[in-house]
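Heads up, the next two complexes both have subunit A, just with different partners, subunit B and then subunit C.
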Partner chain A sequence: MTTRVGIVEVAQSVGSESKDNLYEEIYKISKEVLDKAGLSIRDVDTAVSASSDIFTGISCANAYYWDSTAAFLKNGSRQDGESLFSFYYAAMRIMTGHYNTALVVGICRGSEHPETDSLTTLFGDPFSQRPLGLCETVVAAFQMRLYMERYGITEEQCAKVAVKNLGNALRNPYAHRKRRYTVEDILNSQRIADPLTAKQCAPKSDGIVAVLLASEEKTKRLTKKPVWFKGFGCSMDTFSIGDKDLLGGSLRDAASRAYKKADISDPKKEIDLAEVCEPYAFQELLWCEHLGLCDEGEGGKLIDSGRTQIDGDIPVNPSGGVLANNPYISRGLQRLVEVVLQLKGQAGERQVENKMKTAIAHGTTGFAGHCHAVAILGV
Partner chain B sequence: MGRPVAIIGTGQTKHGNRRDVSYPELVREAVKAAFEDSGITPKDIDGVVSGTMPSMMEGIGMTQFYLGDAMAAVGKPILKTETCGSTGMSIAHTAYYWVCSGEADMVLAVGHEKMREGESQAVMSSCFDPFYQKYFTSGAPGIFAMQCQDWATRYNIPEEKVRDAAALLSVINRDNALDNPYAHIKRKVTVEDVKKSPIISYPIRLLDVCPNSDGTCAVIFASEEKAKKIGTKAAWVKGVAYRGEEYNFGDGDKVEWQSAIQCAKQAYEQAGITHPRKELDLVEIYNPFTFQELLIFECFGFSERGKACDDILNGFYNRDGELPCDRSGGVLCTNPIGAAGLIRVAEAAMQVTGKAQDRQVEGARLALSHALGGVMQFNGLMILGSEL
Partner chain C sequence: MSKKEYKTFDFELSLPYRLAYGPTWTRFFEGLQEEKIFGTKCHQCNRVLVPARSFCPQCFVDIDDWVQVSNEGTLVTWALISFEFYNQPKKPPYAAGLIKLDGADVSMFHLVDGFDMNDLDKVKETLPIGRRVKAVWSEEKKGHILDIKYFQPI
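Moving on to the complex of A and B:
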């Protein structure tokens, strides 16, 4: 009954500060994705954006940029928080048959918002968590310490993720932070919240990210290289940090829901590429475990094996990941954009050469992965 | 298109000044009531949609985290929909599309706000862009006052007539709220009281304006199959529409208000309605300001252009009139913003399922619910019917 949803085209801004104002930049990226598909504003049936008022500094930020996302006098909506939600919501709208095309735009400007952790601290309740100084980085440090202790993961293994991702970013023209580092460089950078060092923590970046979705029939007409929506899963954990296992989390739930929808029984074999949201280097290893790309506690071995390198058999974050580019709200959708480019064979110098059929885009927000979203795409 | 979607249960808090409970407790109260009303348990829910006004209102970022446990959303798929004043309606829409698409069978929608913990007009002023508009505005009433003056001038409606009609509308809403156990402001007033109340932003007076409320509304949406299996009386979604227009206040015509007019057109087409004035049994309009509701009556085609005042004065919108408006007392008497749009949906659902108790409109079969938001930019509708 429901139609298949295709991803027609994608567009993204660079991660460094833009000279355009927010409004203009959103307009440019929205127009770019429509131009790629040969469409005009008239052809957009519905628009769903993702942004967060505390990051934008304007209440009801969607009111501010509404016109610039091709949404003028259209039916649309906005997701607050993880931008992969907006992708899912737009896909749902197409599945109902009410709409043939949907424009998804993720919006965040690190260059204009305060330090990320002065905003993430607002996720905490004002009575107990906030006075303790909890923020995403502090809780990530707890999580990293626990991860190393429970599974014998080493600081070197965590640092290797940063070496890999910031190195991959050298080939990504959209990446914000990029350089060839050694494990020593990473470990000797400033200690931010022990055991996390500065180069294992993501920067704050700009990111306007646009994705054009269409119904099956329309997708086939608009692009010769369609990428298909295969499945989506999301889940949210309990609120209080002290009430949960920081290595438990909700990603396993989110992933298993997405795999079920996409009819994937053995992700280790069936997933060809993953773009994982790792604002802290060690999280790439932990999330790979929870995504079922390796066994529990084997994240360290996974990075040691070289399999997640760009020329490995399961490349993870060929874009450089969130460590290279961290527009907090739009970073999940940016993972999806990279997956689409890779599956279309349009990833330029960072193109993975393996033959790929199915890939994962992952997004997370909140303390220690409070809320996760997993999108599975295929060709 | 898609598959049919039903509302199988609703829950509301006692709205108002709720210093007796924390924000999560407030949310829990409505969620629990929705589960009791529908007869299902949190186990049956495939997804949760949460939403509120800007984070600045309560000073908490990503409220879905803080309120997750209270919404029974732990371990569940969750979406967080936020579109300013129309948030409550947009939450309902998200839940509708989620079920309609086949991605979920039962979705819990929760709209929540604890406005009395913040300074709402300061928050509202931060909706305007920081370069130009912010300096000209002080909260919401200013732009609503301009819209009203523009409308009255355009149709040459005598000032006194507009004043009388708006005052009567305030009285109608406030009388209606007396029958609503969830309503915040429950006070009997007269037309004279309204006309003598202090000016907020001319011509808007205190009794033309909604309060700041704490409150939560929860609504459970289900597929046809699930709704029939559960077997309680369901409200069926007949039309879903939303439109947004330009941000710059001076750029758009807020009298021939395109987002409202085109939104209604789409909803009526879906619901197969050709004469809304005759076919609808009641309407739940998002009415934070009396004057604006008059204009909305015209944009939605209930009253002819420039004639809403006459209809009000002739009793057309009274509780026993041809088209009862806001039998709940509306936003004018209860305004927890993130919940207010969803309360309109819940009230419409209660009416068409005969659950509205003292405020029941006899024989209600087709009801329209509405919300608006942004800088007078967004209008959203959901039309509900008693039959599939």
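Moving on to the complex of A and C:
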């Protein structure tokens, strides 16, 4: 890595339904992050955003909202899909040495788009999958059944993830869904795609998320509490779900690439906190395995141990995770925002008390984790 | 969509698209019309891929060795779907799963039907992972994935 990249400031909207116009709210959140850093539009060297036309209902949606991300007449770019990629693209822009600052904005409005699976079914192959109603929740249910069968993970252990995360969300003013539930509440909610119950599936939420990145020198000038970009890895495996082991997947590859760049050899010891993208409760356990935070098949034991609770030694999703807040496109970048707030010591009532040095933000979209991105940040 | 207490602009989009099947899908779907399920075998990794492909995504080489696989196979995993979304194949509840056909090295996504779905416990008894299933064919075939009506437990 040639230049160190710092995260200066972050801002996010609340996850519950917004009555504001999208264009205006993107401006508000982008402006908020610039105000925090004491910058004006002139100081933004480049802008990268993430959104999805099919989720926005506007074709080339970035052309519509471009001005609201402080990108007017700038050299900018846009990612259609998982927003954690846009963070990496912006970081790479700074690493080129051509830009000193970059504004990253993730955009999604759950309150405006159709049911999430009405959109994820359009990810499917039109000839052989779409006519049969393939969608993300159905494949997640396939994956959960295999996970329980192969490793003896129980439905109760999966439900515990929802209990933990929706409980953590009580302390997160940005979270959309929050409540103190019991394992029974989670398991007795509607069986929408057995073995998945409704409360083990993420809601659809609103989320405009902004992150300001800067070169090392500029970061040090703009903030007293810099957070540093340490590593990134991503991977995408085969499109055809029948070709792969639904419990294999590509997250191990994405994670090992990120760890290598961040010089991490033992994630179990070196990772202090993880914000994991778990649109389905059991996925937090499976992804923790693939991220190397526990051994293969040990995800159930990990949640039972209490170690991933907010007061545990490796807190996972202190924000409440995606089960509490699911702006589909911006949810990966939102994981990164939470990691930044936690590392800066600015997470309010949900602040993790452990001394933390290194943390992970993870994003995923598609069938059974088709596409994964892992970012590692540190102080 | 439920009405909001604030002013919203509501719209629906319906636009025509026309996607070419190409020769490989065309041959695969013509096979279904004759109640035959075709895959193609990669000469490098020796896997039989179903539905048939023109290249192996892993080896990145052409494959044109067509093989007919069995209409029977085993259930790899499944779900009982009880919620609604756009463009579903039928009204819920219904089951879908991944089926590994005999002679194939990968599995195929399809509906699983032909048994009583009203009692979840009974469905679970009927569909243990590894359950043998066979293709049930539609009477009228159109060269379409639903020429296989569903897979039924044997």
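Rule of thumb we're sticking to: the second predicted complex is superposed on the first by the 378 of 379 C-alpha atoms of A that agree within 3 Å, B and C clash if a C-alpha of one lies under 4 Å from a C-alpha of the other, contacts with A are read in each partner's own complex, and residues count from 1 in each chain.
Going forward, a residue touches a chain if its C-beta (ideal position, glycine included) is under 8 Å from a C-beta of that chain, and two chains touch if they have at least 3 such contacts.
Keep in mind the model is a prediction, meaning the values are calculated, not measured.
Undergrad: Check whether A:T238 is in contact with subunit B, with subunit C, with both or with neither, and answer first, second, both or neither.
TA: In the superposition, A:T238 touches subunit B and subunit C alike.
Undergrad: Mind telling me which of the two, subunit B or subunit C, contacts the most residues of subunit A?
TA: The partner that reaches more residues of subunit A in the superposed model: B.
Undergrad: Contacts for A:E353 in the overlay, against subunit B (first) and subunit C (second): which applies, first, second, both or neither?
TA: A:E353 sits against neither subunit B nor subunit C.
Undergrad: For A:G76, using the defined touch cut-off, is the partner it touches subunit B, subunit C, both, or neither? Pick first, second, both or neither.
TA: First partner only, subunit B.
Undergrad: Given the touch rule stated above, what does A:L246 touch, subunit B (first), subunit C (second), both, or neither?
TA: second
Undergrad: For A:D266 in the superposed arrangement: first (subunit B), second (subunit C), both or neither?
TA: neither
Undergrad: I'd like to know which partner A:P126 touches here: subunit B for first, subunit C for second, both or neither.
TA: both
Undergrad: A:R191 in the overlay: touching subunit B, subunit C, both, or neither? Say first, second, both or neither.
TA: The second partner, subunit C, only.
Undergrad: Have a look at where A:C60 lands relative to subunit B and subunit C in the superposition and call it first, second, both or neither.
TA: First partner only.
Undergrad: Residue by residue on subunit A, keep only those touching subunit B in one complex and subunit C in the other, then list them.
TA: Dual-contact residues (subunit A): 57, 126, 238-239.
Undergrad: Using the touch definition up top, name the residues of subunit A that touch subunit C in the complex.
TA: The touching residues are 19, 57, 114-115, 117-118, 121, 126-135, 137-138, 141-143, 145-146, 149, 190-196, 238-243, 246.
Undergrad: Which residues, counting only subunit B, touch subunit A once they are in their complex?
TA: It is residues 1-3, 51, 53-56, 59-62, 64-66, 68-69, 73-84, 90, 93-94, 97-98, 100-103, 123-124, 126-127, 129-130, 241-247, 258-259, 262, 266, 373-375, 377-378 of subunit B that touch subunit A.
Undergrad: Across the complex, what residues on subunit C touch subunit A?
TA: It is residues 4, 6, 11, 13, 19, 21, 25, 29, 49-51, 57-58, 76-89, 96-98, 100, 106-111, 120, 123, 129, 144-146 of subunit C that touch subunit A.
Undergrad: Taking the complex as given, what residues does subunit A use to touch subunit B?
TA: 1-2, 52-54, 57-60, 62-67, 71-81, 85, 88-89, 91-93, 95-98, 119-120, 122-123, 125-126, 232-239, 250, 253-254, 257, 365-366, 370-371
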